[in-house]
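Note that chain A is present in both complexes that follow, paired respectively with chain B and with chain C.
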Partner chain A sequence: MSDIIATGAAVPARPKNSILVEDKLMKKRNAAEARFKAYGIAAIAISLATLAIMLWTIFSDGVSAFRQATLTFPVTLDAAKLDPQGARNPADLVKVTTVGYGTLLTTAFRAHLQEKGVSTEGLDDKAVGDMISKAAPAQLRDSVLANPSLIGTTKDISVYATGRIDGFLKGRVTMQTAERDANVSPEQLQLADRLREAGILKLQFNSGFLTNTDASDQRPEASGLGVAIIGSLYMMALVALMVLPVGVAASIYLEEFAPKNRFTDLIEVNISNLAAVPSIVFGILGLAIFINFAGLPQSSSLVGALVITLMTLPTIIIATRAALRAVPPSIRDAALGVGASKMQTVFHHVLPLAAPGILTGTILGLASALGETAPLLLIGMVAFVANYPAGPLEGGVMDPATALPVQVYSWAARSDPAFIERSSGAIIVLLFFLVVMNAIAILLRRRFERRW
Partner chain B sequence: MPLVLIFAFLAVLAVAGYVLGRRRALASADGNIRALHSLPGYYGWHAVVMAVIPAVLALAVWLIVQPLVIERQLSGFFPPEIVADDAQRTLVMADVRRVAAGLDVAVAQGALTADQADRIRTEFGSVRDRLAEVGVALGAEVTPQVLAAAQDYRALAAAGGIGRTILTIVIALAGFAYALMVTNKDFRARNRVESVVLALLVLASTIAILTTVGIVLSMLSESLRFFTMYPASEFFFGLTWSPNFRGNSELGLAPLLWGTLYISLVSMIVAVPIGLFAAIYLAEYASPQTRAYVKPLIEVIAGIPTVVFGLFALVTVGPFLRDWFAQPTGLGNSGSSVMTAGIVIGILNIPFISSLADDIINAVPQSMRDGSLGLGATKSETIRQVVLPAALPGIVGAVLLAASRAIGETMIVTMGAGAAAKLDLNPFEAMTTITVKIVSQLTGDTEFNSPETLVAFALGMTLFVITLGLNVFALWIVRKYREQYE
Partner chain C sequence: MNDMSTAEIAATTAPAKITARNVQVYYGATHAIKNVSVDILDKAVTAFIGPSGCGKSTFLRCINRMNDTISVCRVEGKIEIEGEDIYDRRVDPVQLRAKVGMVFQKPNPFPKSIYDNVAYGPKIHGLTRNKAELDEVVETSLKKAALWNEVKDRLASPGTGLSGGQQQRLCIARAIATHPEVLLMDEPCSALDPIATAQVEELIDELRSQFSVVIVTHSMQQAARVSQRTAMFHLGELVEIDATETIFTNPSHKKTQDYITGRYG
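This part shows the complex of A and B:
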């Protein structure tokens, strides 16, 4: 009552600045508010823009690695040159070296040019032959050795052009750069233009990028990711085999059985600290213990897998413990209530219910392990590996191998810009695997996630 | 018998143990399961455990001890001064092992009979040539001592192989027999099996401790070896870094530490404001839909391997900074620089800081915001004066963790920072870090007995101590200053 009387008695003068009309201070405060919000939007915009720029540059640089300049022309596999004895005896066939196949290729190439009427003016025979990749004779030789019945036939073959011609077709090499380049001349590029018009030189999908082994500095066109993909595959398989049982066992102990004492505390502190140790320190550990002390072979996928297992273990343990914790205590109580032992409760009830969560966590852990590079450099996986490792049953995990991220690094370190393209291409392959693994993890989570 | 066969034998024994153990238990209870102490399967498992685990343990011990014993035996062939010197002994033993392996290959290929391999002498022609014929390349001519030692090594290894097989099989059979013997209906098989499983679980969880111990021991022992060759004071306080594999290196930590800290500083200047503002916007301003899309997108950055950032630094950021900032201002001509590496590491750390800060900001109770807003503060004032102070310890912890990550980052600095060890203030100069030098000193063919390679372990130790210190400090801050809300 008194309120009404008071307002009725003396209505205060309406303040000029209402909440709807800004005064000076309020204007300032609102401007600060808008600025503050804008900072937030800018921060998000910057991070997303950098992500977009990074992915865009990688993809635009790398997609062309999947296409390669190839020369297509008929080659007569002259029996008189390749198999003078005529017996198709493998021992005799091996005696013809790549040099022999090289002359065969270049002669066939020049003959084809003449036949098609492509002028090679301004270029001597050697310069014309040099447009074929140095890897081509070896390829031809391997295919003949694998299939001696080819000898004597004439066959249309596709061989790689050299990296510079490839770069010219992709716009990396121009007439200007060719003038300063010892490996290619402007005349060769002009010939490449004519070859392209004649349909002999084409950019084709290059499956060799995924299957070839690494090649030397001089032959970027022949290099591929074969060994790296196999090496990464071996490593991931071994890591999964080692990290899953150990990680799950450790998590079960810590989550379900461990009494609260100093020993348990010590383990917990160690796990959280190991999760934050820089990855290169694990590389030093691997070098000192697995290679120098235990004498395991350098650059082998086994050592790589051991190092990455130790590195991933904390992540897996943290994810598994979260999954175990998500299983409600009522499940345990019910099992214990009907007379199961503690161990039976865990292995028959809790673990199966936590399995989808554990699996999701493990896949995500493996995905981040797949991209790990630094520790692998120290255990020698950066070495040049020209041969495929043996199959998994013949001890291939002990053979020298490399891994996808390491291949990215070692290609990026080479001087020829053609390797930057291939490095980006390797990243595309790596990111593809990562996306697939993450997608599987997300699907698993969607499919099996339970809310209790 | 090769290891594979031993394991195959153990596998067969395990299967037999499971079947027999189970059957024996059932037989002792006349087929009445309710009379058994444990479920029948446990008796089977008990036999498996008893047959396999002691045998595998014995095998493991044998495999570790045998080479040590053989090495001791062989030291009789060489003069004591070689045996006393660690490095020389390792070299000689490696020679012996290589020759022995060569003889094995020769025997396997039929170039030598087993008997010849035992009797071959250096006096009757070059052993090196004989082995080269079968494709075993030896670096130097084989001395009589090494050859004799190698032949002895083969004999000992063969004897050891037989001993190993017999021991393993005997222990496995003994365990098997014991398990079957004690199996009867009152035997508490489940308790026995469960305690073994528990022991395995404990073993798995101690691997974390073993890893830490391994890290510390391996780095400590090699670092100590380094400090016997190179004075510790010069390592920690030296101002020049110029390793020289012919000797006379100057291995001062200061330029590397400076590069590391400078690059980390630049990265924090990039990451902290962006990450923090992104977190604030996502936590306080963004609508749920925006948040649902933007948060995972930002976290995508964290899922990209660091080598990708390294290539980005090398190919895009480095040349961009050089052409647009360094050269126009005359500050430098190098694509790889402190700025390049720092900015890219900063980008890498944005999602780390933003997701940690997001969690922390979300943990501040809504009632505090409501109180502030009710008093008439604007949203940004609430955030700056109420939410952030409440979240500060957590945010400081997150920033310290990010700094520790920046210090330990390897690929981006290897590809983007350069290799020149300098004490310089110009951020457009190439500088180098501790991690870059660890990589460059340890890759390639290295012998682990020169200070130039061993310094990498001392660098690793320094890095480990710095990052560990930062982490512990971060956790301490969070624990000490954390506000407890209802």
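This part shows the complex of A and C:
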């Protein structure tokens, strides 16, 4: 002992200072702490600012997609033209094409303008008729075919104005752009102004944006998210049905029952690796296996759901295993100690305690799957789908469909500027679904969490 | 030194409930229990004492095969309960644990109601035929665990809401509800305050009339108070086992004497 004291370097004694005065080292430590806090606050501020900018951009672009320019005027559904035989026989009614309904609409429109004294100066009959969306005749025809008793009556109807007129009301189209535009003329815009004053043309809430099918480049005003929403709902339901039992069963087996050996280690490492595989790879896998090999119909929500299930499984397994591992081992000991079998221990005690974590992990996994685009492009869900899939019991999951994020992608790629607002509008709908799912996750967590 | 303790055991006239012969336990490459042979008597409390890491808890967990849950753990030798080898190939440890109950160091009630905590064992082992019988088992178990009067009005409230001492008595009630023949207690009072400890000790003394109780303890006083026989472990070996009085007044081994007088360990 004495040797050490004699040979070792003398350690200076701590200087005797007042604790009321901050010493040099303390100042340095406090400064380091203050710097670290400042970095943290700056990082959060940047993230929040970015989020705010993103949301502002989306909402300022997208909110207008929920309102659409509509023309309201009375139409007489002339029986002589729509049903020459007069028998209201569906087979005969179908013979009148959209061209017939188009003429009916444009005639009624011009007649109404004349009656209201709205001048159509400088515009020929065709240019006036072109203010009405090209989708309008088909919509009118569908409603008449669905309800033949309308024939012979006069009815106030609201039809979409063309995308350009809509753009004019929303400020996207101006007189200057119209001069260089083949689809609209400045005279039509002047007429639109007069129609607005006469109360015939106005922006209205457009439920069709949520229910209509997609429409071609020439009819942006008629396009909607109906097929995409149905497709996304089908996929989420199928993914939840497939991913939850498989993921939870796999996790329970791996965590509680599997022997710890080289083989299970390998599986474990590979599950972690799979979670990091780019999603487009799963798309190629789905294309090769489900479509080319198994022969399932392409563009169908079933194939989409299978691909997304494969993609989400590793995430769910990792989250579930973490939740199982978080259950204190003393509970397992207690159950085994009173003679519960392994399975009883897991299902009576461990699983109920892990349930909130498992549910949260699963719903967050599903939420990220809802926004998945790349693999769906590869299995053909980006196709233009103009028909609604059938109901879930009629095999609708095998019908072609799109999904919300894919619809965002395909609208963003269209040339007509009218699709920009629709693309942002679709993002708003997608965000709404994500918020709902996260809220459900929080609620379930609160509901099932045991505070004792 | 094993010869010595075997001779001591031979001197006891009461029949042994549990007989362990040449038990070896390995954790991977570590030899944790070395050639331990003891006899544990019925309707008596046997205390296992010894310094930390001497293997007394490990040996305790061999008796209901809780060590099976540790994959690297390997047990050799023979442990018989009334002549039946519990490490026999035909024995299902789950069935064994209904016979050999266990109370753990830290109170670990299930996050369920007090009633469900006690009723769980009888339920999974099919010991009762209807709700009335189950109610009866819950009541008698809680009474035996000296907890009934404190909880009879709140059987539906969570077991985890009780105080530490009450929780440990609940765990004892849970263990005796399955009508075990042997009750293993791994330092049951180490997380309790002196008052709760006294209550649990009193309880152990009462339980002795029905069960063979084995208790691991770090407290010499506790071993002296509650047990009739005491086994001293050191570095995975059994130093000696004898009547508690003999161990504390006239131990045959110097190691035991050093340990109980506080000079060692």
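We adopt the following convention: the second predicted complex is superposed on the first by the 398 of 452 C-alpha atoms of A that agree within 3 Å, B and C clash if a C-alpha of one lies under 4 Å from a C-alpha of the other, contacts with A are read in each partner's own complex, and residues count from 1 in each chain.
Definition applied: a contact is a pair of C-beta atoms (placed from the backbone, for glycine too) under 8 Å apart; a residue touches a chain by one contact, two chains touch by 3 or more.
Not measured: the values here are computed from a predicted model.
Peer 1: Quick one: chain B and chain C on chain A, clash or fit?
Peer 2: fit
Peer 1: So, A:262: does it touch chain B (first), chain C (second), both, or neither?
Peer 2: neither
Peer 1: Touch test for A:331: chain B only (first), chain C only (second), both, or neither?
Peer 2: Touch partner of A:331: chain C, not chain B.
Peer 1: In the superposed arrangement, does A:180 touch chain B (first), chain C (second), both or neither?
Peer 2: A:180: touches no partner chain.
Peer 1: If you tally the residues of chain A touched by each partner, is the higher count for chain B or for chain C?
Peer 2: Here the partner covering more residues of chain A is B.
Peer 1: Name the contact category of A:349: first (chain B only), second (chain C only), both, or neither.
Peer 2: In the superposed model, A:349 contacts chain C only, not chain B.
Peer 1: Identify the partner contact of A:279: answer first if only chain B is touched, second if only chain C is, both if each is, neither if none is.
Peer 2: In the superposition, A:279 touches chain B alone.
Peer 1: For A:340 in the superposed arrangement: first (chain B), second (chain C), both or neither?
Peer 2: Touch status of A:340: second partner only.
Peer 1: Touch check for A:382: first (chain B), second (chain C), both, or neither?
Peer 2: First partner only, chain B.
Peer 1: By how many Å are the closest C-alpha atoms of chain B and chain C apart after the superposition?
Peer 2: 7
Peer 1: What is the shared patch of chain A, the residues that chain B and chain C both contact?
Peer 2: 341-342
Peer 1: For the complex, which residues does chain B have touching chain A?
Peer 2: Per the touch definition, chain B meets chain A at residues 190, 194, 197-198, 200-209, 211-212, 214-215, 218-219, 222, 273-278, 280-282, 285, 294, 297-298, 300-301, 303-312, 314-316, 347, 350-351, 354, 378-381, 383-384, 401, 404-405, 407-411, 414-415, 435, 438-439, 442-443, 448, 456-457, 460, 463-464, 467-468, 471-472, 475.
Peer 1: Sort out for me which residues of chain A touch chain C in the complex.
Peer 2: Within the complex, chain A contacts chain C at residues 259-260, 328, 330-342, 344, 348-349, 353, 450, 452.
Peer 1: Enumerate the contact residues on chain C facing chain A in the complex.
Peer 2: For chain C paired with chain A, touching residues are 64, 66, 69, 71, 94-98, 101-104, 106, 108-111, 120-121, 124-125, 158, 160-161, 171, 174-175, 177-178.
Peer 1: Per the contact definition, I'd like the list of chain A residues that touch chain B in the complex.
Peer 2: Per the stated touch rule, the residues are 29-30, 32-33, 35-37, 39-44, 46-48, 50-51, 53-54, 57-58, 61, 245-247, 249-250, 252-254, 257-258, 266-267, 270-274, 276-285, 287-289, 292-293, 310, 313-314, 317, 341-343, 367-368, 370-374, 377-378, 380, 382, 405-406, 408-409, 412-413, 420, 423-424, 427, 430-431, 434, 438.
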